[in-house]
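Common to both upcoming complexes is chain A, partnered first by chain B, then by chain C.
Entry: the complex of A and B
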């Protein structure tokens, strides 16, 4: 807050006001797109904690989301445990998995690209196991019961209610994650993380316990992703291993923070709010081109949309490799230059 | 479970594994020299498969004969990719390079989806169901031909790197980037050539594997992961390692589908990957990079 310029503070106040009031005036469609944006910025924040803060690249974060989703979904459908309690188990299991991967990776000194591949390997391994787990539905999927009347009203204990409720839940999660990450980054642990990220040898030489702080990053990040999984399960109400844990999901999680700016606090949020509407716009635009006959009718909209999307991602890497958020900040003068901070 | 079934599975896994190995060679060459993890690996392979499929449809060309064409076409694609795009991100951290290649991968796979549709398509060859019998051992004709073609391409590549002056120059870049520049090698051009050669390997492997499987766009990410597994098990940057890794994965997949269930075979190779990463992160034949 102290680092913001006047226009920066103004923009922040407007953003918070718009987000809080959005369900009052937005259509159901806008609300659902915003929910996806907020969801991706929440998971992105978790992922960013590992790469952006502690320098650990994970391309398997869908694993933690999936474990959280399956744990809470299983407890709810098979044992009637409400998600308020289920979330504890979900976070615990995601954290255990995170600490297993972290322990193995750091104990055996697997660095950089190899660590990323270790996360992919674990995520794929668990996905295939889930394909064969009959008690979790296997490839046929796990479905969470939902009734017409439960789509109205507010039931926070069972996470059942109108879209507006889901909106405020994920808004609270994304906002909370932002504040928590901010506190961590500006606290002792954040300085240790950044020291490890920028130069592990030097950090170790001045007495930072690299192993322990890397473990903190993985465990906290996987726990957050586990919470996201609970939201995912109760928002979509159906879970398929391929859809929840596929490598595409893991890549999707990395996109928002990378596009927004790795290591920045607002980058994951900004990236999510750029990429998701971009995808929606592309679908709309491609359908329009089909109507006007520029693209043949039998062409798959999804394919054309993804082509442009991939192109957009590649262009961002080539033109703004530090992410869009630092660039926008500078352009609009939202943040004070480092010299003028109090 | 009698011994004949197991030996048959072993041989069939060995033959398939050689094709995996050839494909992984492409990944390994690119990583070993340019230090870029080619996340669009499977996508390039699927391009090669579709090329062979089209050549078969239009001219009735056996995929084995389209291997040189596929290799040449993918060489151009790889060269251009390195020269125009990847070169520009060499200074960026790993995750940005990964993102760029993931973006390219998404473009390629969705491009295939738009052009060819989502259905699985394959070639029907007159000798598809033939096999050789040696005693009680039965070898599929297509599998044997595929493996022989893979061996031929891989040997050509190994000879190229060992004896040709360009191959030696490329190895020099891999061993010592600065030294290579100091002695006056055109590193940028050699890097582009390397990416082209790697992609040519992938294209050749794509043409060959069309003998064994039907092609559809979503094969691409699966092949990317498979090649990663093979290369890490064998050792990143080691050419023999890639072939050995391919054989190991081919055999273990085949054994897993005979002993357990076919759908569990990928879990088996990922399990193998985890074990290798933990016990010998540089791979079976890899060297420790400092």
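Entry: the complex of A and C
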């Protein structure tokens, strides 16, 4: 709060108030789109911790989401373990996978884009493995039991309830992730991460144990993504390897932070709330054009949203490589320059 | 006085090229020793071997009697070595104050304490009014100063300075010399510096070690070294002083 100008504080208060009150006035459709926005800002925050804070590019983050989803989903459907307990196992497994990838990458000094390839390789490997794992449903999918009456009410232990409950759960997660990342970034670990990101050799010369702090980044980030996976599993209730761990999912996770601003705290949130509604609007608009006959009905338009996202990333990289959020911040004067902070 | 740094028979080759060949010298506690020589003489490689950025092929490095040969850079820093880089390596997207804070965190438990401490080093290096600028926007002389401030913030026992005077105006050089001398008298800092600016070398150093083709060709007080025919021939040239 100390970093914010008066208008910045006002904007923050309004935003929090609107988000808290949203289920009171929003339609089911708006609520579901907002849930997706919050979900993407949560996983975006996790991904951003690696690239934005510590300078480690992951293009396989769906792997950690998938492990979290499958772990908690499996424990729930086959052993009746509620997700409040399942999430512990989910996070543990995601973190173990994260530390394996991190160890291999950092121990053998696989840097930059090669590290990104390593994350893709692991993600694809696990996806193919899941295709053949019969006890997890294989390609036929893993379905979490859900009844009509569980769609009403609030059961936080089993993550069963009305859309409003899911909304508040993901809102709490996204808000908590934001605060946690903020605390990390302003602490010793955040300073060290950014030092390693900007210049590993210089960081090492001032006593930073590079391997250890890179590991922290991967493990924390994968753990957060694991939590996202639990939410994913219990919100959608069906898991298919292709759908959960496909590379499109990993790329989708990167979009919001890239558009919003890699390395910024609010960028992933801002990006998610820009991209998701625009994508929805585009789908809606294309459907409208089909209805009115401007586009022939038999033209396939499934890829329109993906094309738009591709275009959005290309434009951002060309025009605002630091993302939209720092630019908007400056434009609206939401954040004090560093010299005027307490 | 006891030796703070002892370098013994230090050697390093790159693909058969002997960059540093059997170099031996020592730096007494609270001493200021200059390492000079023509480009490619192996001075920076020597620094990299001492500070742990590279591992030597042969030889020993001792800091205050403790063998630190082949230590990784962060362990060397723990042992008490602070260094600057000839090709400056600022943390580009961090502010000047944050850059130095990363260094200060080495000895300070909290970010708040580290930031307070860093402000002092920035004032010392005349960067106080630029503390909220991003390091990427600094001029080269200021980046060199930032290198010094960041290394000092780790509170080293031995400071390795790699051409920090390059690009400074003569008056700025003199001010830097004053700062370094003051640090030595106030904190007991030991300094080993690589420098081409003879004005600084003459004013600062107790002794000078001269390297050429990776080998030590001369050692002595600044006056002795600048009269050594071998040094004059390969480095300073006739009438350099």
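Just so it is clear, the second predicted complex is superposed on the first by the 340 of 342 C-alpha atoms of A that agree within 3 Å, B and C clash if a C-alpha of one lies under 4 Å from a C-alpha of the other, contacts with A are read in each partner's own complex, and residues count from 1 in each chain.
Assume a residue touches a chain if its C-beta (ideal position, glycine included) is under 8 Å from a C-beta of that chain, and two chains touch if they have at least 3 such contacts.
As the structure is a prediction and not an experimental result, all values here were calculated from the model.
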Contacts of A:280 with chain B and chain C, given as first, second, both or neither: neither
Contacts of A:317 with chain B and chain C, given as first, second, both or neither: first
Of chain B and chain C, the chain that contacts the larger number of chain A residues: B
Chain B versus chain C as contact partner of A:242, first or second or both or neither: neither
Which superposed partner A:262 touches (first chain B, second chain C, both, neither): first
Which superposed partner A:109 touches (first chain B, second chain C, both, neither): first
Which of chain B and chain C A:3 touches, first, second, both or neither: neither
Partner chain(s) touched by A:120 [first = chain B, second = chain C, both, neither]: first
In the complex with chain A, residue positions of chain B that touch it: 37, 85, 88-89, 92, 94-96, 98-100, 102-111, 113-114, 117-118, 221, 225, 228-229, 232, 261, 263-264, 266-267, 270-271, 273-274, 277-279, 281
Parts of chain A lying in touch with chain B, wherever the complex brings them together: 51, 57, 59, 104, 108-110, 112-114, 116-118, 120-122, 124-125, 128-129, 131-132, 247-248, 251, 254-255, 258, 262, 299-300, 302-307, 309-314, 317-318, 321
Residues on chain A engaged by chain C in the complex (per definition of touch): 186-188, 191-192, 194-195, 197-199, 201-210, 263, 337-339
In the complex with chain A, residue positions of chain C that touch it: 51-53, 72-74, 77-78, 82-83, 85, 89-95, 98, 101-103, 105-106, 110-111, 132, 150-151, 153-154
